[in-house]
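Each in structure tokens, the structures are laid out below.
Shared between the two complexes below is subunit A, which pairs with subunit B and subunit C, respectively.
Up next, the complex of A and B:
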């Protein structure tokens, strides 16, 4: 069906919003035979992957709990619309919308619509700019700008003027596929990373122009993701070269350089590190996930600059890569699995004592889950997106049975 | 007095062995030793021959590779120095043609080139430093609104070392 949108690509203007059913029919496995194009992003051959088995179909994903799990992960909405695999999902900083990007070269913004009785609809489609897969999407801290990183080597920055989205700038420089983008806490710096092993930092100028601040070489392989410290202008990058790098501005203020490299020897990972994120509360911890089937937490300390020290590392609970991690305000860590699962981990009491799985959706999607992201204000909401072309919103909460039992004065002990 | 002669290992092991053939057996072993160790001695000879040959060849190979790699690094740095010379001249003659950040970056780029350890081939950080220089080059290029990748193939000379 033809859809008209509130926002379009360069210079376009859209019509009215269109309501889409939130509970769309389960996408057929057509995507399996579609030509995805792009570089061989996930088939590294570094750790045994096996063929990705499409999970058996079902009307709603079964909720299963790992040993000692106390939470259930319940699907709230399935967002269908992208026509190819969805790589990244990012919540607008005030929680007003969810942005997703896809190999279909577009970015979609979703939000629940009162007019549609609370169902999730596409409120904007950003297209006609990127000529290849859009791999990553990031909101500026104020929520006014949206950066989109693409395999076409460019990173576009979109602005919403009165509800209409326009492409305000395109920064180029990477020699090939851009894999990640992220805004600094002040919103003035935009970092990008890519297959050319480099990390670029751009500064936002008046008029939505960008000036190149630094081109950082150091990684010896494809850089998968970049993320900024929540309050300092310190940048983290993770790579196919198995390391995590910390980048800081030199005291003189003219150059940026690598302040720290974390390898397996320092408690890091033994295979591709796919994702890195910070704890949103004041404790200042970070989390990474890897092809090596583990998730690691770090303390990010230091008054003069920031240094990562290993805190905990735990197995993800399955034998596929962990493609994305997100630390929620609820204190839980969510992980996207190449085994089609969405898993939630919690630490009982003292964090170092041990993280364990507290909630699982074994068959959250029909294919690799590429990204998970906690809602910034509704602490129980979690978004996931997958190679199967769909995006899902989940609610992570105490199991109804336990809540019921507790309300009636009984119930089992919770771990 | 006189010091007792050192005992042979055999004598030390079996100080009270009255067997008269012990000494004879030792003699027989010596006779066979050369024949039994023939393979070993050939291996040893071959090894030391190979080592000498390898050293000589390695020196030649290494010199070739060193020259080639050194030339590559020098060529790239020379290219950057040429670019910097032009940019610095432009910035000096008409400061307003570049943004403040671009001017600063050009100066910083020049400093990097000047301080590059070109005459210290055993410096282990050379390639890392070169990577930093490359990054700075790309930064300046981006600040000047251009898009250029250093590609030595473009500047193929007719000279062949």
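Up next, the complex of A and C:
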């Protein structure tokens, strides 16, 4: 793998040969202000006035500003219902619901209810299938199917028929706990991974059946999560063995194999890699987070021969493991910490400055935050879930004072 | 784990049980809700040690304190940042019971401490041949959670916590 220094990137186009953008700087992502999915305004160059609101530990965590930060992270809703730790949260691809899964062996779907005055309610409870912790939940791209991976060794696939959710299939094969599941961009392939060190790929058949098309061995330890490239049938897996692996189908189309392994030597991680995600648009970079307290971004070429190149690696302010990362359409990266925090990072207009913390909730939950997930259509919304059994929805936006000052020709933070 | 006829450490050294320096009240196991009510009470190393010293060794009818597997000196508490570190010393460097001992310590503290505490459990540096591997396993929250869903393992842990051996 080639190391790419910060500020340079290899432009990967999705539709053909790899296009090499010589020395092209990584464009600065857009920051969001207030509106949902609407006006994106660049906040590059905005610096913090140094004031930091102390993050309260307790019922209403306030927001603190890190150096250079300009955004506030405000709790919009707290979803209570699970009776044990919540491991994963995933938005339906059209933004119609939030799925969460828990050690209480159930999956819950949540949505704001007009009848309840806009409050978030549980719209479905998926239970009586898994006999142990449900660890991961993933929506198919069309939003019609929901996969749930469990410590009981199975992955269930649920379908909604006329508003009622039922279990359409249960795929088994892993020797022990299944930890991750993810759908390919076309929705025809489902990948699962687990403590048995393997990654399985299943193909969706007519009648919601699944056929195993590959069992991928290569990781030397527990595989924590899998994720697909947003447009290509390329799979990434991350593991307790500290590596990231790239899996691709062979040109003949018969077999899958490991195209690349990223270790610490290639700019990767020095401890368990917990989570991996892709930039949903634009350059389609990847992001990983680790027990080593860092977050790393990667440029990835498209088409055959996908190759990850280290783009940036930054200590992220977490003093404990970073358990989950999510790259939002707003251009920001969110991270969930075992230190109870939710943190948001942006890369300033000046690419050399790199990624830095732009929003923080130091005590987002009462316990470890296991997962963060950006809303697919409302670009300022972020979901988080925790060992404390709760799920929260946050709005990430410019501080009201800043927006006000800007509107009135100011632009400086009020002290 | 397979039943074993030979002990890992057939001749453990038993240390004299230390008497209490002061009468620290021993908090009994209770729910997290009750624990959180006392959330703001201060904790120190002595109190943490009180909770773990009587955990039984899996193999021998002696406590971790008596075998010098745990000692107060190896418990670090930062009450301001809610961080606790416990280092334990297996009686022999190749001890295969190390993860079970570590897990027992973790479960005991999980049951008695307020949720706000983050606990790191490691083997004392240099005390185990697979130190890095054991430490990693003991501090991977997902591995610990999955292990504790295993009724056989949980039963072994409870034996240790109840002053019994596993053998």
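The rule is simple: the second predicted complex is superposed on the first by the 348 of 415 C-alpha atoms of A that agree within 3 Å, B and C clash if a C-alpha of one lies under 4 Å from a C-alpha of the other, contacts with A are read in each partner's own complex, and residues count from 1 in each chain.
Quick note on the criterion: a contact is a pair of C-beta atoms (placed from the backbone, for glycine too) under 8 Å apart; a residue touches a chain by one contact, two chains touch by 3 or more.
Computed from a prediction, not measured in an experiment: that's the story for all the values here.
Considered on the superposed subunit A, subunit B and subunit C are sterically compatible, since they fit side by side. In the superposed model, A:379 lies in contact with neither subunit B nor subunit C.
Looking at the shared chain after the overlay, A:240 reaches subunit C, while subunit B stays out of its contact range.
Touch criterion not met for A:144: it reaches neither subunit B nor subunit C. Touched residues of subunit A, counted separately for subunit B and subunit C, are more numerous for C. Of the two partner chains, subunit B is the only one touched by A:254; subunit C is not.
Judged by the touch definition given at the top, the superposed model places A:96 against neither subunit B nor subunit C. Annotation: superposed on chain A, subunit B and subunit C show a minimal Cα-Cα gap of 14 Å.
If you check the complex, the residues on subunit C that touch subunit A are 115-116, 118, 136, 140-143, 145-146, 149. Those residues of subunit A whose C-beta lies close enough to touch subunit B in the complex are 172-173, 175, 198, 211-218, 254-255, 257. The touching residues of subunit A, when paired with subunit C in their complex, are 57, 85, 103, 132-133, 135, 151, 177, 179, 195, 222, 224, 240, 271-272, 291, 320-321, 338-339, 366-368, 388. Contacts from subunit B toward subunit A in the complex involve residues 99, 101, 104-105, 108, 131-132, 134-136, 138-139, 142-143, 147, 149.
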